[in-house]
Every structure is written in C-alpha cells, then in structure tokens.
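In what follows, chain A forms one complex with chain B and a second complex with chain C.
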Partner chain A sequence: MTDTVVIGAGLAGLSAAIRLAEAGQKVTLLSFGLGGIQLGQGTIDVLGYRGADTLVERPFDEFAAWATEHPDHPYSLLGADVVRDSVDWLAARLPDLLVPGDGRNHPLPTAVGAMRPTYLVQPSMVWPDPTSVAVVGPAQIKDFYPHLVAANLAVTAQVEATGYRIDLPARAGEAESSPVVYAKALEDPDVLARFAEAVLDQIGDEDAVVLPAILGLHQCVQPQLAALLKRPVVEALLPPPSIPGMRINEALTAQAKAAGVRVILGSKVTGFESDGSRVTAVTLHQAGRDQSYPASHVVFAPGGFESAALVMDSYGTITEPVFDLPLAGLDRDDLITGDYWADQAIFAVGTRVDQSCRPLTGDGEVVYENLHTVGGLLAGAIRWTEKSGDGIAVASALRAADAILSPTGTWSPPASPTDQPPAPEVVQTLQEDAEDDADPATTPSPPEEDENV
Partner chain B sequence: MRKLATDVVVIGGGSTGIGVLRDCAMRGYRTILLDRADLAQGTSGRFHGLLHSGGRYVVSDPESARECASENSIVTRIQPDAVECTGGLFVTAPGDDPEFGDRFLAGAALTGVHAEEISVSTALAREPRLNPGITRAILVEDGTVDGWQLAWSAAQSAIQHGGQVLTYHKVTQVHHGDGMVNGVTATDLKTGEEVWIECSFVLNCAGPWAGQITHMAGLPPVAVIPGRGSMIAMSHRLVNTVINRCIYPADGDILVPVHTVCVIGTTDHKVDDPDHLAIPRDEVQQMLDAGEELIPGFRQARALHAWAGARPLIKDDRVAASDTRHMSRGMAVIDHSVRDDVRGLITIGGGKLTTYRLMAEHIVDAMEEQLGTSHPCTTAEEMCPGNEAGRNYMITHRLKEREEDRSRSPIICECELMNRDMFVSLLKEHPHANLDDLRRQLRIGMGPCQGGFCSTRAAGIAVEEGVVDAERATGLLKLFLENRWTGTWPILHGDQVRQVGLDNWILQGTLDIAHVPSPTKVETDPVDDPVPSDPVDDPVPSDPVDDPPLHDAVDDPVLADPGEEPVPSDLGDSPPTDPMTESPPTDPVDWKEAT
Partner chain C sequence: MFDAASQEHATLARASLDQCLKCTICETQCPVMAVTPLFPGPKFVGPQAERYRHGDSVDHSLDYCSSCGTCTLVCPQGVKIAELNSVARAAMKKDHMPVRDQIISRTTLMGKAMHPVAPVANWALRLAPVRWIMEKVIGIHRKAAMPVASTQTFSSWLKHHTSSTQPTRGKVVFFHGCAGEYFEVETSIKTVELLEHLGFQVVTPKQGCCGLALQSNGLFDAARTYVRDLSAQLDIEPGTPIIGSAASCVGMLKHEAREIMGVDDPALIEVGARVRDASEFLLDLAERGELPLDFTPVPLTVAYHAPCQLKGQGMGKPALDLLRLIPGLTVVDAEATCCGIAGTYGFKKEKYDIGQAVGKPLFDAVLEVNPHLAVCDTETCRWQIAAATGAQVVHPVWLLHKAYGLS
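Presenting the complex of A and B:
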C-alpha cells in the first residue's frame, strides 16, 4: 500500500512526491494532465510585484510587509525563511537548470518585450546587462515578433534594441513550427550551426542576442550558440508550451521516478473514501472504471481554476469537486469585476490551511487529518500578477511533506539548537481564529525528520 | 478644415445607412456616409445573427412576415457569403400551447412564408440535442447572417458605384437655412480635423442615436427609445438549425448557430442611453434558463461572450413607452419637411436587418419624392462584390482554405482559423484600424480563448509589417483585451473561468503584459465619445430577436476607438450652399477600399 498519494504533477505535486519518496515513503503520483510547469515560464518565481506597479527587487525582504498587507496569503503562513529554503532546495536539485538564488530577482525579457521579474532563472536566461541587443526570431515561431520585442525592450530594459527576422524552417515546408519542434531541431549541431549563420547574417555588432526560449529541449544549446555568435545569448519567455518549463518538468519527473515514485498520468481523481476523520483512499477513474488507491496520507496539488481544480457553475456556485473542501475568499460580491487589469478576486479563492497545509473549515477545524492541500489551490494569492506561484508551490509542498514525515503527521517548527520543545503555537493557523486547529495534543512532538535538506 | 461636397449625406454606418448609401449611389447620387466609429459597430453588429424567414412574424405581424420572406431570398442571393442557409425550426416546447402551431401554419400560408410541419422524430434526428419533450416542429427557411460581412460587402458595392464611406467621423452639426438642409459638419476622430460637407440632403440613419442627430439639427426632439437586447454566444454549435419557440415572440426564445458558435437571445429592456448597455446577471440567468428549455444541459455548455444591442425604436404613442416589445417594429420615417418645415432631412427609425435593403429602397424613394425625381431601384438585382453567385457561407469554408494554404501562411487565430495573410491584407487596407475593427471582419479573438493567444501575435505582426509602432501596438493589444473582457465577465462561469485563468496566467503572468509601456489612450485623437461601458460588443449579426423591434439597422457604435482614417480631399473654401442643384465637383475621397 502506498504511504502517500500525491494528486497533481505540477511543481507542487512533484516537489512533495520527491521529498516524500526520498525520505523512504512509497509514493504514488496521480495526475489527469501533464502538470502546470510547462504552461508557465520555466523559472521559479517568489514575488515579483507588490501591488500593480511596485517592482520587487529582493523578494524575501518584502515578506514581513507583505504578510501585514496580506494576512490570508500563503506566504504569511509559510514565512520568508521557509520559502527561501524551499526554493534553494529546488535549485540544489536542479544545478544545471537553475542559477542559485542570491536574494535578488532577475529581469527576464518576454515575448511582448516586458522585463519580467523572477527569482531563479535558467542559465540561458541571465540578463547580461548589455548596452545593445539584437532581438532575433525565426519567422516560423509565431509567438515571437522581434520588432515588437525590441522596441519595447528599448524602454523596459533601457537598451538599444534592434529586431531581426530570420527565415529558417525547422522542418522543410512548415510555415509555422511549434516551439517543441524547433527546440528539438536545434539540438542537432548542424542545424544549430545553420541557425547561427542565419542569425549572424542579420545582426550587427550588438552586445548580446535575445532569442525566443526554444534553444533545445532535452539539452539547452544556449552555451553552444553563444560561442557561435561570440556574445551572450538570452532566452525570452514565450506563451506555452514552455520549453524551459518542459526542461524542469522532465528533470523533476525523472528525479521522482528515480526516487521510486509511481507516476500515473492521464486519469482523473473523481472521489475518495473516508472514515470520517481521515481520507482512506482516493478514487481514480482509469480505463473506464473507478479504481481505489488506499493511502495513509494525501497531498492534493491540483492547481486552481486554470486546471479545473476549482469550478464555478452557471449559477455562480464555486466548489472544489474532488473532496468538496471548504473554500475561503468567497464572502465578497465582487469576485469578478469589469476592470480587466484589476486582480479578479475569484482567482484568490481556495483552501485555507493550517501550518501542516491541511484544509480548514470556516471555524478553523481540520477537515481531514491526513489531507494536505498545496500549490495553486491555496487561498489568498493572485499568482500571476504577484509572480508568486512557484514559491507558494514548492514551499507549501515541502511543508506538507514534512508534516507527513513527522511522527505526528503534523508540522512543527524545527527544534532550535538548544533543543527547546516546539512552541505550542505551531499549529495555529495564519488567521486569528486558529483556536483549535488540529489536535493541540499532538503538537508538542519534536519534529525529527523535518528540515532534512 | 477639410471641405467636401456631395448630394446626399447618410449618417450612420449600420445596415440601414449602408443600404441607403448603396441605393443612393446606384441611383446616381453622390453620397457620403459618416459614422462616428466603424461600420456595423452598433446594433447591426450586436444581434444574434438571424436572417428571418418571416416565420417569427406570421402570427404577430403578417406584413413583416411577407417582407422578411422576400428579402431573405434577395439578401441570400446578392450577398451569399454573408448568409448561411441553415433552415429554421419552430418547436413547441413542453408547456407551450400546441395550438399556436395551427395559427402559425395558417399565418404562414397567408403570408407566403414557406413552412412545413415535420414529425418530432424527424426534428430530433436533425437536431439531436433538442429537448425530446417537444410536441410539434415546423420547418422554415430561416438563415443566419454575419452583420459585418453584410455591411462591408454592401459598402463595397456602394463604393464601386461612387459612394464614399467615412468611418470614425462624428457628426457635430446638421446645418440648414431658409428651410433647407445645406451641409453637415463632422470631426475626424483620427486626426481631430473638422470636416465640412456641403450637401442638399441628409438621411439620418443613426438608429438609437437618431434623436441625437435631430438635436444637432436644432429640431424638436425625436423620441428614440433604445430597447436593449442581450445575447450570449455559446462555444460550439449546439444546433445547426435556427431553433425558435413556436409561441408568440418572447424573451430568450431563439437559438441561432452562427459561424463557430451559437447565440441565445434575447431580452428587451428599455434603456436611456444606447452607449451604455449593461448585461445584468439576472438577464444572463434568464437566457440560460431559456436555453435549457430548448436544449437540455445548456447550462453545462460553455458560454463564451455576451453583448447587448440597442433596438432603434421610435416612440409610438399607442403603447406605453416602457413596453418596447409592442411598439411598432416597422420602419418609421420622419419627413422633417412636413414635421419641422425643413426640407432635405429624413429620419428613419425601427426596422430589421433582414429587410435592410427594402427599407433603404423606401427611404430613397421618400427622398426622391421630396426632390421630385425618380430613378429605378436596382439594389435587388446586383450582387455585392466579394461574393460568388450561389455560394453561401458554410462553416467549413475556412477549414478548406487553411488546408490549402497552411504551408504558406501561419495560422494566427486557431479558434477562428485566421491566418497571417488575411490579417496583414486587411490591416494594410485599414492601417488606422484597431484590433476590434479587424476582428469584426476577420473574427480574430472570437473563439474559445477570446484573444488569449492571437492578440499578442496580432500586435507583433502589426509592428513587423511596419503599420504601427510598438507603443501603439501595445496599446491596441491592451485595448483589445479590455474589450474582450467587457463581454466575458458578465457571463463568466464553467469552462470559461478555466480559460480566463489560463489566459491571465499567460498574458499577465508569463508575458507580464501589464508592464509594457503603452499610450495612456490608444487613440490620440480627441474622441469624446464614451468608452464602451458595458458589455456590448460583438458577435455576429444583428437583429434582435424577438419580436418587436427591430430593425437593426442602423447605427453606430459605442466604442471609442481608433479606427481608420479616410483621406479626404479638400474642397476649397467656402462652404457652399445650395448643393443639390449643382454640386461642385469634388472628388471626394474615396476610401481606400474603393477599388
């Protein structure tokens, strides 16, 4: 029997699965889709903006103020240290794919010419602070228009920027290629050489070259291309499918499998079994029938509305369809407004959780002792405008995993060097009404396996 | 100030105004059409897309039924690419009075509307999603029509006959002296330039805005009572035949398959301001309920977008002003020479898009009567340009075209199968257009993702082709997304929430579109028009549904945006008077589209 079933194959689900499996658990990961990593930007966000226009330079320095302004935000529960440790944990696992964090956000060009803040970038995305850049895009990539990108970068990055088009089909006869096809083609050194030639043919003596993020899927060829072009090369973000996201997804999935996680994709979790206080099994609709997956613990990492983990019916009723969990953030009448640029409050709806990431009822009661919700399902964040989704995903996933790994099944702060017993408030929820969260009785147990990384 | 001279000025670029322009031009009058926005941006673009067979009116309004039957076949013939011959069904839903079907058949026989009762099982075989509880089904020759295609192809025809179209020209005054109209002044919203147009006749086809025009002429008020009709486009065609309830016309009793969607409509509420048409949530619920009665499970289908149009009803003293449904649906013609002793001005209200050509014929006849002239109307005989005889629209046309050209031109809007070449070619014709102007002709951004993927591509291409600079392109992109949202948020639920989540993730998250510089206002011109307030916009066709009203034909819009800018020619200086007699040869500009 499985120790833990993880539902969801995005950054949160994979992180939790890896942590649990490496600690010796038998883990089964169930997912209907491929996971959200390849829909995102392929970097690790922590916090990019405070409010609509306040750019964050050092995200962890903002946490205290952020928590004051956003008491219901997942970061207020997790705290700066945990989030930093969590993303560092991820960076350490992916040394070839993520540049270690130094506390500061990186600026990253996007396909509309924004300089988007993000915390951990891939090595192919480090902005070299050029005074001039050539922005180059193949005509076959229809989500990247170098002239638009260049003109906007001139303002957003304060560089001299010039756009250039090259015409080099990834496959003969194709007017358009998916980024996946193009990225795979560039892994062939001959194709890459022709590509470099086409670029050199166009560009001038700019300091650096910005290209769409298609420089190799399984192996990033940015270093080789930079050598051929004799200057730094930067990958700019595209709409999905995200090649950088696929690189991370492949690496993490491989690590999960190497750690013994059983991965079952393409089937939907449709329900569960419970003894009242605990979830005893989840139901997977597989091959035309329902199959039960018993587990001692469940990590629920299904995403938010974007993956149908939350749904709103035609009468406006919002539910979480698998466990029918209580949802926070519904008690307002402006969940959706007519201002396109405003954060729509509906997207902050989700589960409110305790320190172990277990969903709570409105009264602060733990819903199921062994069910943990993590990632995009957590209430209180507008992940895309804050640029906070990855930090929330990894940190909450590791928090849930650590709770599961502890003998009590709940998380407590690590013991201090002097071996103080954990403070009793650990089980408190982020909100004031945390009175009786889980079972206070169990809290005092010292966390043995926590912080194992 | 730019100066032009012409015989006739038509105010309003909806279907009525465009029909009138075409008719005037074909009868040999030099004619200029003005609209403060783009063609068919108002009511003619904000209906459900029904091309009436006349069935809807066989009981309630036999004369309209007769007109619809004959105009349906004319429009289908002269503008085949705008019309899809879907056929229509009048069905008796559970709870509806089955006897109405008998009255329907009797009315159809009297009015010449082709109608044939078919068995319920035949109807269900044809439309399997129909409520199996229906008790009767009557087949009619309803079609569906794209109001924008209709408007543009008629405008092209008019241009071929010498007519001119000046979009994004807002009329500021209608001048008259000695009891006679002598000119119109307008503002070119793209440049801010004032335009004086000397003319001897003005045809006020401004629909819901017609009262504003007569006000600009300094005449006693004409009471226009805009009737707001709201509609919802559902993703996919849940039916391929127009489905009507076989009842006395009411709200939410029609489902129209148009292009890639089907449209449920409509409601009818009196409003004060045709520029501000909200779509209240309770109206949305009412329409979803109505859909559920026709198609069980309708609420589980995906709602994409909502919009509202304003029916241009002129007040009829015989009914209460708040009951727009029962006001005359026929066309109202106000001859100001009779009413106000001002010759050379006629105001038109009411009408229906289906009968736009016939209305235009009547209006131009009325003008000629006042002028004491008479020329034959030939608009029913000549096909509009861009059409192929007998080749009516089918939803598969674009698929076939893309299969043929996909190795030459990338598909920019996958939902609507619009490729780069189509976009670039229209953009170059209308370099001042905004993305919504292009959308109305190309359908870019009108599918399930509502611009999530295609909008940034459109902006990038516009820059790459050298048509606009990056700042304006970014502004157009943001404006387009704002306008799409206007029609999305009032109906947001179900799978479309998921889509919005993904779109926001991509556009606001990954691409960080909010932090790319753009002009504070995309249009730099002095536009003092209202910005679109509410959900209005969109889809397809025009005409309201129900019973009453409409003609939707005329009108203009609501959005204040950017548009194109015609290049006019100058005429010299003195504002001429007395135009009609001999007009100074000017050669008015023609719009780039001419040719």
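Presenting the complex of A and C:
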C-alpha cells in the first residue's frame, strides 16, 4: 500500500514527493494535468517586495519584521531558517539549473523590461551589471518586443539599452514559433551559430546581450552563445510557456520518478474516505469509474484559485471542494476590490495550519491527523505581489514531509540552544558511545539516553 | 452537420473551452506541433478556433491533429481539447470522407478479408509494387507498418481450448478486441492462459470491434453502432470484471465513446465501469496482496512505451509498476509522448513522415535500451515501433506469461 498520497505536481507536490520517497516511503503522486512550475519563471522567489514599492534586497533579513507585521503569513509559521534551508535544499538538487543563494535577491529583466527581484536564478539569468545592453528578439517569437524592453530597461536597470530585431525562423515555413520549438532548434550547434551570426550582424559594441528565455530546453546553450557573441548573455523572462520553468519541471519530475514515486497524471481527486480522525483514502475520478487510493498520509498540494483548488460560486461563497477544509481569510468584506493592482485579499484565503502543516478549524483543532496542506493553498500570503510563492511551496512541503517521516507523524521544533545541556563535550561523548555500540542489544534505549541528558 | 444527439453533445463538450486560461501547457506537450509547422497546435485549433466554428469547420490544419489526446491529459483546467478537435474534424470531413479512411478504420473487415488468405495477404503486403499501388490508389504510405494476419483466429483456438487449472477465484469476462481476434492472436491466448493460471474462470463472449478507428477518422455514425453492439455483447455476467488486452479499445469503452461521440447507452456505461486493462487488473490484485509473486526470474532489460490512449485513462502506467515485480527484469520507461501511429494517422501517405518524426524519440529509446525486444500495451503502436526499430514488441502479458513459467 502507498505510504503517502501527494496531490498536485507543482513545486510543493514534487518537493514533498521527492523528500518522502528518498526517505524510503512508497509515494503515489496524483495530478490533474501538468503541474504549474512551467507557468512560473523557472526561478525561486522567497520575498521580493514588502508592500507595493519596497523592494527587498536580502529576503531573510526581513523575516523577523515580516512576521510581526503578518502574523498569519506562512513565513511566520515556518521562520527564516527553515525557508532558507528549504530553498538551499532545492538549489543543491538542481546544481545545473539554480545558482546557490547568497542571501541576496537577483534583479531579473522581464518581457516588459521591468527588473523583477527573485532569490534563486538560473545561471543563464545572472545580471552582469552592464553599462550598456543590446536587447535582441527574433521576429518569430511573440510577446517579446526588444525596443519596448530596451526603453524600459534604460529606466529600471539604469543601463544604456538598445533594441534589435533579428529574422531567423526556427524551422522553414513558420512565421511564428512556440518558444519550445525555438528553444529545441537552438540546441543544434549549426542553428545556434546562425543565430549568433544574425545577432552579431545587428548589435553594436554593447557590454551584454539580453534575449528572451529560449536558449535551449533540455540543454541550456547560453554559455555557448556567450562564447560566440564574446560577451555575457542574459535570458529575460517571457509569458508562459516558460522554458526555464520547463527545465526545472522536467528535472524535478525525473528526480521524483527516479526516487520511485508513482505518478498518475490526468485524473482529478474528487473526494476521500475517513474514519473520522484520519483520511484513509482519496478518491480519483478515473476514466469510466472512481478509484480509491488508500494511504497512511496525504499531502495536499493543489494550488489555489488559479488551479480551481479553491472555488467561488455565484453567491460569492468560497470553498475547497475536495476535503471541504475550513478556510481562513474570509472574514472581511473587501476580498476583491476594483483596483486591479491592489493586493486583492481574496488571494490570502486558504487553510490555516499547525506546525506540521495540518489544516485547523476556526477553533484551532486539527481537522485530520494525517492530512497536510502545503504550497498555494496556505492562507495569509498574497504571493503575486510579495513574490513569495516558491519559498512558501518548498518550505511547507518539506515541513509536511518531515512531519510525516517523524515517528509521531507531527513536526516538533528542534531543541533551541538554551535547552541543550551546558557541557557540549559530554553530549559528544554520549553520541560517540551510541555510534560505537552498533549491537542493538547493548545500545542504550532512548529513555535511558533521556535520563542521562 | 450533426444529428441532434451529437449536436447536443458538441454543445456540452464546448462548455469546457471556457475553462481554458491559455496557459500553453498543451502546446508544450503536443507531439505533432513539435515536429511540423503544418499543425498550429492544440490550443489554437482547439479552444481558440472552436469559438468561431458554429458547427462548421473550415480550418483544415485541424486534420493534422493525430487525436493522441496528450493535450487533454496534460490540461490542468479540464478542457477537453482532443475531444473538441475530434468532433470538429468529424464535421469537417463529413461530406468528403476519403475512401481510404473508410477502409482502414474497419479493422474487423481487414481481418476478415486477410485471415482466410493470410499467407498470401501477408506476402503481398511485403511487396514493394503492391505497396506502391496502395499508396497511389488509396493513400496508405508505402512504408507504413501493416498488420500481419494470423492463420489461426483466436476464436478457433478458443474452440479447442480447455483450461488446465481448476478455477478458484470466480469469473472474468475477456475482451480481446478485433485485433486480438485476427492479428494479435498470441496476446489473446497468453492473456487467457495467464488469467486461468491465476485461478479465474475466463468467459469469452463473441465480440465485434469497438469502433475506435472509425471514431478517430470521424466516422461517428458507424462507430456508434459498433460500440453499442460491443457493449451489449460484453454486458454479461453482472458484477464481473471485464479484462481487456487491447488498452486503447478499453479506453474507448471507459470514456472515449461517451466523451467524443456522446454515446450514453446504459450498457456502455455499465461495461465502461467494469472494464479493466489487463495490467491494471493484475496490478490491483498485487496491491491487495492477491497476486502470486512466485515468478521465475526474467533476466532482461526492455523499454516500455505507455500508449497515448492508455495514459488518457488517467490511471498512470500500470504495466510499468506490474512488470517491475518480476525479478531480473529491468523495465525502462521510454518516457515518450507518442509513437506517431495514433491509430491510423501514421499509415496515411500525407502524415507518414510526421508520424515517424513524432515517434523518433521513442524509437531511439528502444534501440538504446534493447534493440531486440520492447513492451507496449496496444497493437498499432507495437506495429509502428517494430517497423521503425526492427525490435520484437510485445504486450506486457507476454513477460508475465513467461515469468509464471507458462512459456
């Protein structure tokens, strides 16, 4: 039987599934359609803005103040150290795709020439602090207007920026190519060489070249292109489909499968079975019939409104349709305002959870002992203005996984330094003794250890 | 134009297009769009173009959709993209259906015609001049994989077959499909022997074709008749699981006939809820601890391809999990989207090259993992992979049959 059913194949679902499977659990991952990673930017946000205009430079330094201002935010529950460890865990898993974090946000050019703050970027996105840039877009790629990007970068990045168009179809007979087609074409060294020639033909002596993020799907060819152009090359973000997002999605999905995760794609979870205190199985609406998937634990990572994990009916009633979980953040009358760019409090609606990411009732009772909600469903964050969704997703997923892996099925904080015994040498000796005593018969039992400590 | 029932169904299917967020996930996974500019992609010909059709289809690029269903499978919003395209294509082809599409979609007819003269038919289909004429006259590409007719039908084998084991677990109904009657007879035989070895009493009713190939060629009226007749034939032994060895035909019964053609006969709904792909059924036994694991090791490494119409059933890849229970056997998931045959798509002269390009990553994986043997759950996909790679391609039950010492 499955130890844990994970519902959802976004960043949260895949992170939880990998962590659990690598710890030896039998994991089944259920996903209605492909996960959302490739709809993001292929970067990892932690905290980009505090309020609309306050750019965050060092996200973890802001956590203490953030928690005071936003006591119901998932980061207040998780804390700076856990979030940092979690995104570091992810970066370590994807050494070719993510530049390790150094505590500071990176500025990253978007398709409209804004500089967007994010914590982990791909190596092809590192901003080289140029004084002048050439912004180049192939005519065959829609949604990237190099002259618009250049004009805005002159303001947002304080660089001398010039826009250039090149005309190079990804394949014969195609006036407009999907970024996927273009990215795969550029993996061919001959095509890349012709691409580089077309770029060199246009640009001047700018310090760096900004291109839309289409520089190879399965293999990023940014280093080769930089060599051909003899200057740094930066991938700028595009609207979906995000090629950098696809790189991360494919890599994490492959890691999950390699760890033994059974992936079931294309059916929707529509209900569950329970003995009152625990979820005993989830119901998958498969072709022809409903199928029950029994499990000891459930990680629920379905996203939020954007993936219909939360729904609003025509009366304005908001529900979570699978487990009918209690929702927090509903008790205000300005959930949606007429100002498009305002925070829109509706996006903070979600589940309030305990330290193990288990949903709670309004009275603070755990709803089901073995049900954990993670990622976009957690209440208290407005991810798109804060730029906080990825950090919440990874950290809550790992928190839930660690809770499941603990003997009690719940997470408890590691003892703080003040709780530790005063003489570290003694502790060390005890641990060494325990390691030396490999024979279980002579290994001190945990209660004895407790007495000693 | 549609009849009243399909018009109503089309309206229902169309409702799902409002769920489309234009997120482009379907475009990134479409195997046809990836290899040819002739097909502008599932989002474009699906939910976008559908808004302008009003029952008529004028955008002929739609015909390059292979109906593999990958778009529907990956859509996170529940848009029935492939289904919309199938309905629109049927409307587009209604008044000028190619003769070829009428012939190649009638598998039973081909089987009945070829089987009595199997050696001659098989020989003729290997002759270049015959294939050249076929391409010129009816538009079946000269290099396309052709089925090999069996000299013995499954029915004639069954007539002389008696189980060597005493049933201990009750009955199952066996659904072999028309290819299992005329072309893939060995798969049908091995499935029956395997189920009997496990203690089941196998009941095999006389059965026709599910109409899947007709449906994917837009011949809805004929397809509806086929699937209704088949449902009535299989709807025996109430409550008994129906086990199929043709995974795509199982999908037709489970959901496609209803979701694409709006067939809602009670017998189809009943059969659709009871039918199981053979590997799905056996894996379910294994999950419940009811599958004997007394396997003889099978020291082999093989690539496995999960066909589109199996993936479309939303149950994962049961054969992959099942075969991994056999000691010594290493099964490598080819992780390919589609083999390129897509029912009858890859046979057609104007689509053969596209089909080969779609299948190339799969062919490469098969050749890399084991150029002699590969595993796949559906007939036409096996023919396509075998023709492109030279490997023998078998149904998963062949390996189980061997692991239980039955072959």
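The definition used in the following text is that the second predicted complex is superposed on the first by the 414 of 453 C-alpha atoms of A that agree within 3 Å, B and C clash if a C-alpha of one lies under 4 Å from a C-alpha of the other, contacts with A are read in each partner's own complex, and residues count from 1 in each chain.
One rule holds in what follows: contacts are C-beta pairs under 8 Å (C-beta built on N, C-alpha and C of every residue); 3 or more make two chains touch, one makes a residue touch a chain.
Bear in mind that the values here come from a model prediction, so they are computed numbers and not experimental data.
Peer 1: Specify the partner with more touching residues on chain A, choosing between chain B and chain C.
Peer 2: The partner that reaches more residues of chain A in the superposed model: B.
Peer 1: After superposition on the shared chain, which partner residues are touched by A:Ser307: those of chain B (first), chain C (second), both, or neither?
Peer 2: The answer is both, since A:Ser307 touches chain B and chain C.
Peer 1: Applying the touch criterion given at the start, work out whether A:Val263 contacts chain B, chain C, both or neither, answering first, second, both or neither.
Peer 2: It touches chain C, and chain B stays clear.
Peer 1: Touching A:Leu34 in the superposition: chain B (first), chain C (second), both, neither?
Peer 2: So A:Leu34 only meets chain C here.
Peer 1: Considering only touches as defined above, state whether A:Gly391 meets chain B (first), chain C (second), both or neither.
Peer 2: neither
Peer 1: Looking at A:Pro232, would you say it contacts chain B, chain C, both, or neither? Reply first, second, both or neither.
Peer 2: Touch partners of A:Pro232: none, neither chain B nor chain C.
Peer 1: Per the contact definition in the header, classify A:Met246: touching chain B only (first), chain C only (second), both, or neither.
Peer 2: After superposing on A, A:Met246 lies in contact with chain C but is clear of chain B.
Peer 1: Just to be sure I read the superposition right, which of the two partners does A:Ala287 touch: chain B = first, chain C = second, or both, or neither?
Peer 2: second
Peer 1: Using the superposition on chain A described above, determine whether A:Glu174 touches chain B (first), chain C (second), both, or neither.
Peer 2: A:Glu174: touches chain B and chain C.
Peer 1: I'd like to check the shared interface: which positions of chain A are touched by both chain B and chain C across the two complexes?
Peer 2: After superposing on chain A, chain A residues 39, 173-174, 240, 306-308 contact both chain B and chain C.
Peer 1: So in the complex, the part of chain A that touches chain B is made up of which residues?
Peer 2: Residues 39-41, 52-53, 110-116, 140, 142-152, 155-156, 163, 165, 173-176, 237-240, 242, 304-308, 311-316, 336-338, 340-341, 344, 346-347, 383-385, 387, 389 of chain A touch chain B in their complex.
Peer 1: What does chain B use to touch chain A in their complex?
Peer 2: Touching chain A from chain B are residues 281, 285, 288, 299-300, 303, 406-412, 420, 453, 456-457, 459-461, 463-464, 469-471, 473-474, 477, 481-482, 485-486, 489-490, 492-495, 497-498, 500-502, 504-506, 508-517, 534.
Peer 1: Of all residues in chain C, which touch chain A in the complex?
Peer 2: Interface residues on chain C, with respect to chain A: 21, 23-25, 27-29, 33-34, 37, 41, 72-78, 251, 253-255, 272-273, 275, 287, 311-316, 321, 333.
Peer 1: In their complex, what parts of chain A are in touch with chain C?
Peer 2: 1, 32-36, 38-39, 171-174, 178, 180-181, 184, 240-241, 246, 257, 262-268, 284-289, 291, 306-308
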